[in-house]
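Reading through the structure tokens given below for one structure.
Chains: A, B, C and D, in written order; residue numbering restarts at 1 for each.
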Amino acid sequence: MQFLSDNAAPVHPRVWNAMRAADGADTPYDTDALSRELNARFSALFGRECAALWVATGTAANCLALATMVQPHGGVICHEEAHIEMDECGAPGFYLHGAKLLLAKGEGAKLTPGGIADVLGGITRGVHQVPAHAISITQASEYGLTYRPEEISAIAGLAREHDLGLHMDGARFANAAAHLECSAAEAAGPVDALSFGFVKNGGMGAEAIVFFDPEKAELVRWRRKRAGHLQSKGRYLAAQVLAMLDDDLWLENARAANAAAAIIADGAAERLVHPAQINELFVQMNAEERAALRAQGFAFYDWGDTCIRLVTSWASDPADAHALGKAIASL
Amino acid sequence: MQFLSDNAAPVHPRVWNAMRAADGADTPYDTDALSRELNARFSALFGRECAALWVATGTAANCLALATMVQPHGGVICHEEAHIEMDECGAPGFYLHGAKLLLAKGEGAKLTPGGIADVLGGITRGVHQVPAHAISITQASEYGLTYRPEEISAIAGLAREHDLGLHMDGARFANAAAHLECSAAEAAGPVDALSFGFVKNGGMGAEAIVFFDPEKAELVRWRRKRAGHLQSKGRYLAAQVLAMLDDDLWLENARAANAAAAIIADGAAERLVHPAQINELFVQMNAEERAALRAQGFAFYDWGDTCIRLVTSWASDPADAHALGKAIASL
Amino acid sequence: MQFLSDNAAPVHPRVWNAMRAADGADTPYDTDALSRELNARFSALFGRECAALWVATGTAANCLALATMVQPHGGVICHEEAHIEMDECGAPGFYLHGAKLLLAKGEGAKLTPGGIADVLGGITRGVHQVPAHAISITQASEYGLTYRPEEISAIAGLAREHDLGLHMDGARFANAAAHLECSAAEAAGPVDALSFGFVKNGGMGAEAIVFFDPEKAELVRWRRKRAGHLQSKGRYLAAQVLAMLDDDLWLENARAANAAAAIIADGAAERLVHPAQINELFVQMNAEERAALRAQGFAFYDWGDTCIRLVTSWASDPADAHALGKAIASL
Amino acid sequence: MQFLSDNAAPVHPRVWNAMRAADGADTPYDTDALSRELNARFSALFGRECAALWVATGTAANCLALATMVQPHGGVICHEEAHIEMDECGAPGFYLHGAKLLLAKGEGAKLTPGGIADVLGGITRGVHQVPAHAISITQASEYGLTYRPEEISAIAGLAREHDLGLHMDGARFANAAAHLECSAAEAAGPVDALSFGFVKNGGMGAEAIVFFDPEKAELVRWRRKRAGHLQSKGRYLAAQVLAMLDDDLWLENARAANAAAAIIADGAAERLVHPAQINELFVQMNAEERAALRAQGFAFYDWGDTCIRLVTSWASDPADAHALGKAIASL
């Protein structure tokens, strides 16, 4: 019973079907009919004109999106535990040509206007210091916490005031929207660009970068190619993304993953380090207890010495989730 | 009848099957069982110990391979019409942090020791000039011409003498090996790293970077992640590559593509700009003739004003090839 | 008798005096009174509002100027023998984060609208190819040839038409203006930024980057610092530049250098590879003749196998120039 | 009475003299006799073979030194208030092609083995995280505190154990050595490269990068040129450095600066935030008190809301220092 990562889940059957169907599409790169559908489909989803590009990974999506906002001598304000800071092997430094991450603090890996203001307040030395050019928030955060629309608005206000770009890392955007029970547009709020994740949510190797100022996508067309991310058979990436949008599969899958986590959370309630909102749970647990769970066949990652991380996916079996919740409750 | 690009061909059924089977593999990134098979499989193929990493595109493969050889202040000697120079939107400049391509001349987009020596001979100004750190050759070249083993050896000798790395862009390595009727080891010769292409030859989105000094792969593990090319569901890329190696599907597909091109070449013999060796043909043709072919349903790219490019693939219907050859002969 | 390089000349006494006087100025970086004078002084010289920054070298000046025009994925059209291509160890690749030099041909290392159009005409593959973002011309060229105002205008017209920045490398801008007998404004023409050289012309280690759109200088303030070129005792660089502008020392020195070259050219007229315009001469000469000159105490660089390069400076002794001209005439 | 910065001090007369004398040296870049003396002179000073290169600024010196130790995907462990982190506008990100600064904590801006170990202990995610490639310490630290030889040794031991390069930012290395009353070799300890500062200590625009593995300097010769830091009249930089070494002017000037600070410290003893060791003092002081001092003609920078920074130089008048000490004591 696997609760290691939503990356470990299989590809959703409807995604497989769409990919197979793409065998028929036959022009290379992103000139095929499927790729050309993306702008319209995301514009419909978000209710305003946007441009969307596929790319294979969240790391590439985040960095390419930020490249529209940040000069090489600038900085990106992000949480000190953000994925771009902790888990991307310095990819922002590579894609942004040496730009810097300016680290803010905040509960549950969420940024707040106050935390951002603290970073901005420390930038006082003119050309001797890296200036902030953008803010990046993660919906949901590394600890599985969502930003409510009014929280995003407050941060966006600060961004506008300081003339900063605003990016949202949405590796688990679907799970966030499902939890918030709001529209995609509300879950994204007034950000400039969104890395809309599908891989963890039933896709194989396709995320979308959504630009709410469609012109910004033009720069990224060049940068994506230059980064070796313009796949020659891009139709198979487009097919994945479109399948995830069809009949809101993205939401359906996210709801399933969240529901499985909620089942576990029921059994682990007193041990939860953060409120259970999406498909990630951080559960206090000592070494002996971990061993006991593993002996029962549950697989998961340790998160430091006193905590474990449990991740469910669209494919998690509710029965397994129940078993795990019960096992934790019985520890 | 499509002769635009081998990128436009569908994914081979055996590759599809292998990908579906990978749904069962469940650890992320390249920790899955399939990814861990690559080193052994390529070592067996090449008859010497090597390390191999999957990556989605040839551009990424080329640039990551070169990153093991070239410092940011160095240069890569390549043909003035090489893919890395003409078609990758400056990706080598990005991945190599500003390193430079040092352009050599040569018939049919092939490098020769003489052409390389001309470049080296022009580097005389010490720190004022970009020094050469590597040579990159393309097997087969942009014009579909192969390097025979002794040609590669001669270039490798020059590389050793000048302490330069030697990289092979093998986007159509399979087609070259099929044409040369030699082993993979002979078709690669003593290069340091090979970008082994599968996407044009029946894959979907997986190439292999093969390092004949396995330690060099370690650097690329970091650089691949940093470039956003470490896909979280890497098992699907590994599956593609392994399927292509199984029972020499890579050779089988390449032979089919080459054979289709040979059929066309029969009809176009007097018009061929370069000898027909692999699955690319460059055929002299004026505007009127092009229009005539297109009117008969043949799709292809213009190559300047007096020439067209025809590309076959593993999926080309020999009947279509016959039809095209005949149509050209009848012009 | 030294004709190796104008870099080998001493610092002009009036520059020394100005530097000594700067001991009194006492705020660091470029906040001192001298540095703050630059904008006004260059605005007066060029007769339009401009912003000017000091920097220690022509390489840094060229690259920082280009950074205002060229994105990392873009290219700079320059002559295939331009200094930025041949003599800066890939500095443009470093400062422009991997951007590419797009090489044009042209007599005497000068660009022409035709040569530029040839480069532009070869850029046809959309995102697969590096797009041109700027043109860089050198006043005077690597072979000592000047651009007349109407030549610059023609190139500037092409730049505007294609939305390209236009940069002038003016390492020997003073010598060019002196030869052209025109104003600084006419010798610069409608370029966007000028690397105005002083080091070869009597300075020690200070060039100016002049931005004819003053806002562009703001970006370079950051980039200069980031490149380690914001010297903490910048007042001594400002002092050099101001001394060169005072009473047109820049022109006076350039005229002296040009005059010395003209004297030599008189004796070498039939051997000149390019017309003698400024303080550089390229003179056909075989090995035996070179040896004969060197035996007479003349120092100079070989320029390939059949040619030598002679460079005079503000400090060249006319008697030495006469002696050299006579010696060449007598060969 | 100026206590703003040692950057604001004039150039020392013996440095001026040496520069004037360099007018005679006449080969460009670093091929002149003075530049070629540096290796031997620093080898003599440090009692072991080393290679030394001049460069105009400390920022360039730090970044070029680090370039010999740090790959673009790696990181540099430094103090969270180090100059490379706080005051160089992201220059390390530029020169190291996106490498990251990994921030450690420590009293008085000094690194400790414990602080470094904390950073190393947090790097656990393999290729997903930036690996440490080097450690950079500052002698003396941003708060004017020196590392005793045994402290450097302890850090060097950790560096060796983890295969990390060790760099020393010695912007005020002379002041540190003067305070420690030890040799240059002891003050540097077993670091791999030292940015040996002269500009703050009586020079104009020349620092030295000293490589204790002389081969490492070779890489930097290329990188220095590529960064536009190979000045064509480098003889004037070499002259400055040599003048500072002659008869230990570097130590003489540092002692004078330290002595002036000690005088002030006497009057400010109870207000000192850090022990007075070199020529920088951080003194607790409220707004009213600052105003009072300024009204008496003392110039200095605020350091946050409750503290000021006072910096003396080789040129500080002891009488001014007495006056300031007395003025502070009288507050």
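Just so we're on the same page, a residue touches a chain if its C-beta (ideal position, glycine included) is under 8 Å from a C-beta of that chain, and two chains touch if they have at least 3 such contacts.
Composition by chain, UniProt nomenclature: A, B, C, D = Threonine aldolase.
This one's a predicted model, so the numbers in the text were calculated from it and none came from an experiment.
Of all chains, the one whose mean C-alpha position sits at the greatest distance from that of chain D is B. Of the two interfaces, A-D and B-D, the higher number of touching C-beta pairs belongs to A-D.
Averaged Cα coordinates give chain A a centre that lies 42 Å from the centre of chain D. Each chain gets one centre point, the mean of its Cα atoms, and the points for chain B and chain D are 50 Å apart.
Within chain B, contacts with two or more other chains are made by residues 72-73, 88-90, 94, 97-98, 127-128, 222, 225-226, 230.
Of all residues in chain C, only 2, 4-5, 7-11, 16, 20, 23-24, 26-29, 55-61, 63, 88-91, 94-95, 199-200, 204-205, 222, 225-233, 236-237 touch chain D in the complex they form.
Listed in rising order, the residues of chain B touching chain C in the complex are 72-73, 75, 86-90, 93-94, 96-100, 125, 127-130. Of all residues in chain D, those touching chain B in their complex are 71-73, 97-98, 127-128, 131, 219, 221-226, 230.
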